[in-house]
Amino acid sequence: MNFLRYTVSRLFWSIFVVLGVVFVVFLVSNVVPSDPAALWVGPKATHSAIQAAREKLKLDRPILLRFGYFLKDLLRFDLGTSIRTHNPVIEDIRKALTATFELLLLAEFLAVGLGIPLGVLAAVKRNKWFDDLSRAFAVAGVSLPSFWYGMILQLLFFKWLGILPLSDRIDTFVSLIHPFEEKTGFYLIDTLLARNYVAFFDVVKHLILPAITLAAYPIGLIMRQVRSMMVEVLQENYIRTAFAYAIPERKIYFGYALKNAIAPAMVTVALSFAYTLVGAFLVELIFNWPGLGRYAANAILSMDYPAIVGVTIVASVCYVLINFVVDLIQAKIDPRIRF
Amino acid sequence: MKLVRLALKNRLAKFSLTIVSIFALLALIAPWIVPYKEQALGEPNMAERLLSPSLRHPFGTDHMGRDILSRMIYGARTSLFTAVSVVFLSALIGVPIGIAAGYFGGLVDNVLMRFTDVFLSFPPLLLALLIASTLGKGLFNAILALVITWWPWYARLVRSQALSTKSLAYVEAARAAGVSNFMIMFRHILPSCIAPLAVQCTMDMGSAILEAAALSFLGLGVQPPMPDWGLMISEGKAYFLNYWWVPTFPGLFMLVLVMSFNLLGDVFRELVDPRLRRRMLI
Amino acid sequence: MGQRSRNRNARSLHGRFKLKYPANIPLIASAGYGAFIFSPKVAQIGDDEAVAKWFNAGNDAGTGPYTISKYDPKTQVVLRKFDGYWRGWTERKFDIAVIQIVPDPSLRMQMVTSGKIHITRELIYDDLKKLESNPNVYINQKPSFQVLYLFFNTKKFPFNNPDFRAAVAYAIPYKEIIDHVLLGYGLQPSGIIPKGMFGYADHLPLLSQDLEKAKQLLAKSNVDPKNVKLVLTYLQSNESEKKASELIRASLKKLGIEVELRPMNWEQQWAWARSDPSKAQDMFIMYWWPTVMTPYDFLFSMFHTEQEVLFNLSYYYNEEVDKLMDEAVQLEGTNPKRAEQLYKMVETILRRDLPAVPLYQINDIYVVHRSIKGFTSNPAYPNVVFFYELESGS
């Protein structure tokens, strides 16, 4: 009963926060010294074109009125039209979102798949050198400037070894000669659904480098967290008793210790998802990935305020959602949190 | 302090501290030790563009013919200055707010925390990007943008510390004795926050450098021709496929410095957390 | 303004246009922007705006060799061959043409050398130099009419002072820019009108860097460099503008003048310049390329008096110059010699007043993969590839 009340209150709170975010963003992007009309019309403009654009974009109305229009549209899921691409923002975002999510999920998958075992290993090995090394590795992960790291990988695998592509999601030729229908927006799934193995293989090749780049940070985070949790758990009495009873090591580590260490680690995984969402920005720029990050960066750099507002809303909603879930998980597992 | 002495016993900590000190030293004495000072500050040297690493230019030259090593050393100045400013200013704003919120509780706490929550709900870099691009380019605006995004974290951190400290016996006693609220916050609450703050600040130095570099990379922070690691990597991006050294070395420097800060912060954290301290001292 | 008459022979179309003044029609009709001929059925869609919207949605209505198969303006446009094209098709011509946006110049270079793409432009000049010896590609280079200008804000201190303008003009390292930024892939024009166009200011000497003269002029202007902090804006995404700006800054530093460089995107840069001239940037770098191949396109857009600021970004309002150029354009069709004289007079005045200086005129450069034959470029249409003329080389 208490938990339900907690959930509901957190939910209301999250909505309130998102509204606050929206207002701040709207305000910020409308205070700018830029000219959305000029952006809309493009280079080689004429006076009449700019004036027409100004009227069309309702730029001559007072700001509160514009915010009013904006909220009204928001309720209908209309995020306006991007001044740069002339498409509905919600369309742009929908297309970009699946691209980003595919990358994000793959990176998280890598991070969890590598981070957890490595963290366990680091906690378990008595060898001081190995501990130091793995710790350095984890710290390197969170210290890497992702835009630099991506470039280095490109240098290595594209320029010098020539085995992986430089950027984009798929090779133009492959997409023209072996086209497939974009049903879900997740190319890995869509190509398999179409039984288009040439395209599938190409998509995988294009995913590798960006995913590795993006995974560096969460691997570091997760590895550290798992390691420190495991270390803590391994010092518990019941573990030492298990050892005393000569229960096989592997069973102890993965059966008992990991189970208890995993819950806080899950929190970290969820949080790392949020951080990685932001990391995707820079990685997408390096790899020319047609995702939300690149869209947002372009929007911000050209002061395309409907797009900026749209992206921030979507990103913040995701972020708040993740934090909301994390809060709930933490509340469930940590009895110290009072409702 | 006790913390530092303990830290110095640890091998990893000693190593990281040495590296950080070297960078700090380089940053301080840069104008005197740098081989090509004018170039470091932006003077172009077109005849020697894009030379690969050699004895004369250990890390090569960039697209304007400037010595990369010199610019990297100067870049340490910009990075450290930025990081220190961001962390210091964020703490300056966040700590009083957090202490006030934690100590007074009730309505004050609610209002302040709701306020910080809005800021905390933005994906971190996104807000900084937004603010920086609104304020305009330049180092000062970038620092401002970062400070606006960071102070809530300090407020939060300090608030939870204040919450637990304020119910301690000696604080209750002080209040009963009639000591003013301000004195209590300053004399009793604040010192208890120092340890976790120290840990957070050290780790944040690394993150601040990374985020500032991200802003520069996107063209929002330091402007050309100032030497700055993020800017050097960004400018080098157009050339790196044929002239690999241009962005590689600045990034390497940045990686080493950020890693050192993070390792140091890691060690501090384990020392501060009593549960992990046992394992540390083995 | 125009009447149309249809000839019996369906293969040709004759038009008759009634004009307000004797304009150079062939020139205007072949303009890069805005002189399109299409089927009257399209005109029935609605008014001008509706028609424009219809076209901008990716529809086509012409008689050319390709039709639009896929239209995604920010990423990719796919053209497919139109079987009924009146000039016919051969085996070696291409069925499909893909125009793809690849924002990264080094990526474009990689793609063209490996054959992933066949034609590209605007590579970084250093990379271009390397490609000259690469057997996989050939470089197609022609002089273009695209010029980069540096505008001075004549409505704001210190550029409202003509001697100060002249001092700065003589401090700029023109040759260094051509040699080290353009790497020789361009030239310095002597005036506003590009070389190769009639009316070119060949009667004027090239502006060159002369620091002594610059210092003298600075002294004469009575402007104390220590009181001056200039802001120069240029296009963030353009490598050449960036390097040229840094060289300009370094040169002005030798005169003791401090310049702050502000890379911006086009909209912000332009919005600032169009706001209040007394608060706008001091120096503005901008490319100009003509819509119609006439000097008037350059002079009118950038130096004619304007009621509202559009592209006259030095805010230079001179009635004498206005009169001369307006007279010249009217004579282009009937008395080209006189028109040329008038244009040259305008150039002389502009050189005297120096509201802006031309920095460089770039060459129109395409990099083409060796598997493509038949490629030629036409500088009058700077961003157009005539796909129909291309043939597969292997």
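As written, the chain order gives the labels A, B and C, with residue 1 at the start of each chain.
The rule we apply is simple: a contact is a pair of C-beta atoms (placed from the backbone, for glycine too) under 8 Å apart; a residue touches a chain by one contact, two chains touch by 3 or more.
Quick caveat, the model's predicted, so the values are computed rather than measured.
> Per the definition at the top, count C-beta pairs in contact and tell me whether A-C or A-B has more.
A-B
> Point out which chain occupies the most central position, where each centre is the mean of Cα atoms.
Per-chain C-alpha centroids ranked by distance to the global centroid put A first.
> Please tell me the distance, in whole Å, between the geometric centres of chain B and chain C computed from their C-alpha atoms.
44
> Could you work out how far the Cα centre of chain A sits from that of chain C, in whole Å?
The mean C-alpha positions of chain A and chain C differ by 40 Å.
> Counting only Cα atoms for the centres, state how far chain A is from chain B in Å.
Chain A and chain B have C-alpha centres separated by 23 Å.
> Could you list the positions in chain A whose residues touch two or more of the other chains?
Touching at least two other chains: 33, 301, 303.
> Would you please write down the residue numbers of chain C that are in contact with two or more other chains?
104, 107, 110, 236
> For chain B, give me the residues that contact two or more of the other chains.
Those would be 219, 237, 240-241.
> How about chain A: which of its residues touch chain B in the complex?
Interface residues on chain A, with respect to chain B: 13, 16-18, 20-21, 24-25, 28-29, 31-33, 132, 135-136, 139-140, 142-145, 147-149, 151-152, 154-155, 159, 224, 228, 231-232, 235, 274-275, 277-278, 281-282, 285-286, 296-297, 300-301, 303, 308, 311-312, 315-316, 318-320, 323.
> If you look only at chain A, which of its residues touch chain C in the complex?
Residues 33-36, 38-39, 43-47, 84-86, 158, 166-167, 171-173, 176, 288, 290, 301-303.
> Any idea which chain C residues touch chain B in the complex?
Those in contact with chain B are residues 104-107, 109-110, 124, 126-127, 130, 176, 179-181, 236, 239, 242-243, 246-247, 249-250, 260-264.
> In their complex, what parts of chain B are in touch with chain C?
Residue list for chain B touching chain C: 42-44, 46-47, 49-50, 63-64, 137, 219, 223-225, 237-243.
> Quick check on the complex: what are the chain B residues that touch chain A?
11-12, 114, 117-118, 121-126, 129-131, 133-134, 136, 206, 210, 213-214, 217-219, 230, 233-234, 237, 240-241, 244, 247-248, 250-251, 254-255, 258-259, 261-263, 266, 275-276, 278-279
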